[in-house]
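Chain nomenclature is as follows: A, B and C, assigned in order of appearance, with residue numbering initiated at 1 for each chain independently.
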Amino acid sequence: MKSHTHYLWFTTKQRQEIIDITEQVAEQVRESGVAEGLALVSAMHITASVFVNDHESGLWADILKWLETTIAPWDAKRYRHNETGEDNAAAHLRSLTIGHEVLVPITAGKLDLGPWQRVFYGEWDGQRKKLRIHRRRCAVSSPTSHGPY
Amino acid sequence: MKSHTHYLWFTTKQRQEIIDITEQVAEQVRESGVAEGLALVSAMHITASVFVNDHESGLWADILKWLETTIAPWDAKRYRHNETGEDNAAAHLRSLTIGHEVLVPITAGKLDLGPWQRVFYGEWDGQRKKLRIHRRRCAVSSPTSHGPY
Amino acid sequence: MKSHTHYLWFTTKQRQEIIDITEQVAEQVRESGVAEGLALVSAMHITASVFVNDHESGLWADILKWLETTIAPWDAKRYRHNETGEDNAAAHLRSLTIGHEVLVPITAGKLDLGPWQRVFYGEWDGQRKKLRIHRRRCAVSSPTSHGPY
């Protein structure tokens, strides 16, 4: 059996940003040599998400707007967590709503996604307080496989 | 180690519909011969969900109403994604909220679910524009196992 | 290959409660002897969640308030599910929003979490009607591993 773990790092320009990471995940699956198995793609932060959806910029704008207007408005005064000196409680709630990981099946050595499915990293609190660029991490684990390699 | 992938196809009568697929998943687990492992059940669409919850029709009605009134109203004008000619941005947001996959533990050759847990396919945008019946796909992967077979 | 399943039981004092179970999960990973693999942590109830986020009590209060005010108010009259004699439809919707399971990568024999990530059990309907203490269950499965043990 084969196992492979790789850490991807992202630098976002905006504080909230959606990045298509499908090619980077597919590259790690090739690297792993896994033919049949699973790729776990998991954000290592509590204010970020990993999700599968559509590569369409209008939809990405909809997601960011929906997170702000419907799911968890940023409004720092609304949350007790922000009494710790943070202002990012809303980013935690957004991470909980969309989730922080996906598991992509690997079939015949490839990501077994539907025709429109792509893998995304959603940064809900990048580029921290002082607007410095903040690199954030995501892990790809491809822990199962079978057959000869 | 054993690995098994199977694609389930669904034909929904309503545009939004919740289908109990527990028996179909259990059948694929038996088919796989996996005794101890995991069954990944994953929608291959970006406007659908797979989730674990209760087999109770009142609750299913509550879920559909809640998605419309609280999570993401269908209202096509609200979303930029719909400027592409689609009207289904809300279905994408519903898929993100509930998620598109679950991982069910397999113990002693069976789905290791709690007493009330069942596996569901949630179709949030079936029966597309022209009201034709639309078959949609879900994959069951049972990629890990142990012991002699 | 190794596989290990363990059931954790929780007794909550409040009807809604968030419990940090990271140490209990880590202990089961050590117990399993898995060096590289995955730990599935999965609530066996349809009115509970398992999630990864921050160990900060202000945030836990924010999550409980947000579930009540934004995601799914408890208000029993709002839901058809409650016509069955239950009053907990909101707990089902909260479970669907946050999800009922997480998959934690295991690297070099340890939970491969980010610096602030912890694993939580979220009870959304404990301590049932008659205020008796209600023990609830969560499973930790570590079904994949490699190397000699």
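Criterion: contacts are C-beta pairs under 8 Å (C-beta built on N, C-alpha and C of every residue); 3 or more make two chains touch, one makes a residue touch a chain.
Given the structure is predicted, the values throughout are model-derived calculations rather than measurements.
Taking shared numbers over all numbers used, the subunit A to subunit C interface scores under half, which places it in the different class.
Between subunit B and subunit C the CA-based rotation angle works out to 120°, given as a multiple of 5.
Annotation: 20 Å between the Cα-based centres of subunit A and subunit C. Among the residues of subunit A, those touching two or more other chains are numbered 1, 38, 97, 99, 103, 144.
Interface residues of subunit C, counted against subunit A in their complex, comprise 1, 36-38, 51-54, 56, 58-59, 61-63, 66, 70, 97-99, 102-105, 107, 112-117, 144-146. For subunit C in complex with subunit B, the touching residues are 1-3, 5, 38, 40, 42-46, 71-72, 79-84, 89, 92-93, 95-97, 99-101, 103, 137, 139, 141, 143-144.
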